[in-house]
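Since the structure comes first, as structure tokens, the remarks are kept for the end.
Letters A, B, C and D mark the chains as written, and numbering starts fresh at 1 in each.
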Amino acid sequence: MAEPRLIEISPVTRVEGHGKVTIHLDAQNRVEEARLHIVEFRGFERFIRGRLLWEVPVIVQRLCGICPVSHHLAAAKAMDMICGVDVLPPTAEKMRRLMHYGQVMQSHGCTSSTSPRRTCCSASARRPSSATSSR
Amino acid sequence: MDVDPSSERNDSDEPTLRIAAICAAYGNDRHRMLDILRDVQEGFRWVSPRSLETVAACTGLSRVQVEGVASFYSFLSLTPKGRITIRLCDDIVDRFAGLAAVAAAFEAELGIRMGETSADGSFSLDYTPCIGMCDQAPAAMINDVVVTRLTPERAASIGSALRAGRLPLEIAVPGHAGLSPAERAAAMVENNIRHAGPVLLGPVPSDAGLRQALELTPTAIIDAIEASGLRGCGGAGFSTGRKWRAAASEPAERRFVFCNADEGEPGTFKDRVLLTERADLMIEGMTIAARAVGAREGLIYLRGEYAYLRDHLEAVLESRRAGGRLGRRIHGIEGFDFDVRLQLGAGAYVCGEEGALISSCEGLPGEPKTRPPYPVNRGYLGFPTLVNNVETFCHAARILGRGADWFRAMGTDRSHGTKLFSVSGDCLNPGVYELAYGLTLAELLTLVGGEDAAAVQVGGPSGTMVDRANFHRRLSFDDLATGGAIIVFSARRNILEIVDYYMSFFVHESCGYCTPCRVGNVFLHKAIGKFRAGLANPEDIDYLRDLSQTIIETSRCGLGMTSPNPILTTLQNFPLVYSALVKSSPDRVRASFDVQSAIEGARRIARRRSTIFDEDYT
Amino acid sequence: MNETRKPRVATVSLAGCFGCHMAILDIDERLVGLMQAVEFDRSPLTDLKTFTRRCDIGIIEGGCCNEENVHVLQDFRRNCDVLIALGQCAIMGGLPAMRNAIMQSDAPLRECLEEAYITGAYIRNTTHQIPNDPALPLLLDRVYPCSEVVEIDYQIPGCAPGGDIIFETLSSILAGRFHGFSRDSFKFD
Amino acid sequence: MSGTGFSFTIDGVAVAAEPGQTIMEAADAAGLYIPRLCDHEGLRHQGGCRVCTVKAGGRSVSACTQPAAPDLVVENETPHLNKLRRDLVEMLFHEGNHLCPICEASGNCELQAMAYRLDMTAPTRFPYLQPSRTLDASHPDIALDTNRCISCGRCIRASQDVDRKGVFGYVGRGIHRRVAVNADDLASTDASIEDAAIAAGTCPVGCIIRKRHGFATPIGERIFDKGPIGHDIEDKRRE
């Protein structure tokens, strides 16, 4: 009978604010619980409060160095809603797509490091950028 | 008499009219801004936004300009203060003399903490830097009244008397009604004259030099002053004769003679004694200077902490006018008119600097002027202004009375005459000593009963911390120069606690005009905090020297040029104090980074110990 | 650097956004030459989590926002001859340091945690608690630049620094002839 | 040189000057750049930032206020003086919140450009004071982030002497001294974007901000992308 064990997988890629996963095994080596921990908590949600509106897209780029454009665009869309812009001028639409494709290219095409990268945490760009809560 | 400060009604309401009346009393003159705001503070216990607008309207300034002055001086407040404002002197001498217990007693008695104002607006409790009572510490100001030699018991009794409605003056000087202003001043604060010398504190004839001076030409007066070798007694030591000659030679239709009675250097109270006992002699010296430089207008800049001397000085001025020695046709000489006005400061050490003093008199924040031009060329309102220390004017009068050679014969070959030393701290006889220049520190310590001293701060915080091995050095301009402050520390005092306080003093008193002093002193103070917390690395000692050098070399006035002295002189004379505290880190990991205190907050939020830095984490 | 063996380089991303590591990849084709000249030891690029041997150069991205960052940074200092602080976060705290000075807040850390986990408008946190797990390193009272925690030898400014300045600085340090940046070659933004 | 003119030297170079001219005025005219932050074209000399410290006749003085004098020997471009200037610029960086990556003034900011010119890249020894003053975005066209203010007073002097409005003023003492507006907030003053005090270039940093103009100039076309601070003055000599 094995002792209850804890497996730690760290760091987890594809998410900024580095993360790690802990898997809790019971005495029979069965997974009792798995947790995702975001270790580098930042607090963007709080410290952008009180800043100037047009600074936010520039601030949130620093949420993730791999997908700054995603966060920039998410903030830009949020500003559109705040400023009541529901129809985007065509040029702006094209620029945003161009920027995003640029990022995808940069993330996939020219990096020759060991493993190809998918644009990370862009999936999380729509959701608030806070860390997933770990139980 | 007080209106509830928080009630703000419309323009023609009663407070606005009264504030307008205050401005009108000073001719709506924006140069009298400090007097106006002092009266507003006294009348309403704060300078409210409404008052700012009213004063601005009356004096033709913008609201933010008035706010600039109101927010500069620590005795003026932009938030409501109590009708009774108690300011405890928190100088290092008071701390060593038991300030903490006295503060606790006041807090207990008045039911408020230091820095707070009671809800009903009756009391405010605060700290304030040196109020010039170091020889009878711990001391405090209750509004304009001074109480000294405080003990917790006395503090409690003062507090309860105040709560019972007794007036501060009644508490400080019981039976004051029957006393003259001079007697009241002497009763409120002891003079502690320990050693009278031949020039100032010994017997002085009533006509001490003015009559003799009036028999000379102005140039001859200046020659006499220059021949006597008299140098400025405020601490700078500039040749008084050369200063008078420069002021006299500058062509202008108006010239001013200012007496610098700011005496803000902690540990200095000799001017307090001269103002109390030799006011006549000082004004005589000012009148002689006016004769020499051709000035018709004079001013005494009295520090706000010495407001208790105001009535006494006004009385002396009045008696001189009555005696024909001040005002019009002095000593019956046609065309020789000279009168003196009293200007009270409001709590700003930097106003001891000539340019800042002049700015303050012009109704501006007390910021030093750009130099050149120097005050003797272009000073108050742009006119040549001679600014000398209280003691300097007293010496000048005696020199004209007894002759330059009599004065020159005393002291040393480059520091002539006598000097008033204000001695305080760990010694048997704190007080004022008038001695000839040139005596050694050891000789002085024997006189004052401080032989077992381990360190002496000569010249206050901007001076030099001298160790026992240097007690042989002489008190003169070319060795241990001092404006008069001699603060004695025994072996049980902590040198870095003293340095920490003095740096906090300079941070509190910097005017903020120039970067090195405004910001650099804050960094020096924080660095001393790291040393005291045992978080300093060896290279932090070089950092202290390097940063001090930058501040001294780029600062715009004397404050910034001397503010690093507490650190530099203790580094030189007490090197072990610093080197014993530094932690070297062979693996170049900074010992100064205190991870335990950095994670303390998170430990409390998470209510658990650190898995990395708490060894006993199971 | 003695020529007998390839210099060993270690890198780590502390309280950063991994942008500076991506900037290292912006060296583009010159990366090939660099890879032949050096050996990467502990680094996210090699996914080695501990030092195999003492390294010549340690490249640090990000300041310290939690106790693990401090521990790792001290570990780097002890295992590398030269430490390079790469990017504004490592040099002066960068964006994460914005939490140090929050307007009208005397408990910035607590307010950030509460906003992110409890009071935020979109939060679905049934526990109504700030996550608190032994695996989570304790957060520091504020974000510290690297030079406050350990002695740093070189700093490459930028957010993120350009590929060129990283390559030129790294090459000149490796060749032992780095004498500072030319005036127009570095930026703080 | 006119009759009353005279000459003195800066780093060995002869510089012509008129009576009443300061060292900096003469140097500017001669195309010799002396670093400065609080001095500004057309405004009174303040001598507050001390970045223009030079050695004149062996004494360290602020070049913007020190009058030139015949045969005065002035040192300007020396390692020691540039070290003092770098310390002062670093003090200003650490007194406020200067986060270049998110600041719209980046590239046009004189404080940043001065840090570039003085090579402020070594690990810092100074602590950060991290003020957290509330932003004033009340005015429809102008925002004030006084956390980036370096207390140079250029806006105060411009508003006082050029606009004659007195919108800005110094309030407080020592490290608490800051620039305040002449009312409860900027919207309650008569400030307008036509004011000299608000004009681009008066505020050297990202404190006085024109709304809706942020990040408009692409990187590469900003003022100091084209050359280090002071190159406009130095170019005068090269002609």
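The rule we apply is simple: contacts are C-beta pairs under 8 Å (C-beta built on N, C-alpha and C of every residue); 3 or more make two chains touch, one makes a residue touch a chain.
Nothing here was measured: the structure is a model prediction, and the numbers come from that model.
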item: B-D against C-D, pair bridged by the larger set of C-beta contacts; value: B-D
item: Centre-to-centre distance between subunit B and subunit A (centres being mean Cα positions), rounded to whole Å; value: 59
item: Distance from the mean Cα position of subunit D to that of subunit C, given in whole angstrom; value: 32
item: Inter-centroid spacing, subunit C versus subunit B (mean Cα positions, whole Å); value: 49
item: Multi-chain contact sites of subunit D, meaning residues that touch two or more partners; value: 101-102, 134-135
item: Touching two or more other chains - residues of subunit B; value: none
item: Multi-partner residues of subunit C (each touching 2 or more other chains); value: 68, 94-95, 98, 102-103, 109, 113, 136-137, 139, 142, 151, 159
item: All touching chain pairs, where touch follows the definition stated at the start; value: A-C, A-D, B-C, B-D, C-D
item: For the subunit D and subunit C complex, residues of the former touching the latter; value: 97, 99-103, 106-107, 112, 115-117, 119, 121-124, 128, 130-135, 147, 219, 227-228
item: Complex contacts: residues of subunit B adjacent to subunit D; value: 49, 62-65, 67-68, 71-72, 74, 348, 365, 370, 372, 507-516, 518-520, 522-523, 526, 543, 547, 550, 553-556
item: List of subunit A residues in touch with subunit D within their complex; value: 50-52, 54-55, 58-59, 62
item: Interface residues, subunit D side, partner subunit A - complex; value: 101-102, 104, 134-135, 137, 143, 145, 209, 212, 214-215
item: Complex contacts: residues of subunit C adjacent to subunit A; value: 13-23, 25, 28, 31-32, 44-47, 49, 62, 65-66, 68-69, 94-96, 98-99, 102-103, 108-109, 111-113, 115-117, 120, 122-123, 125, 127, 131, 133, 135-137, 139, 159-160
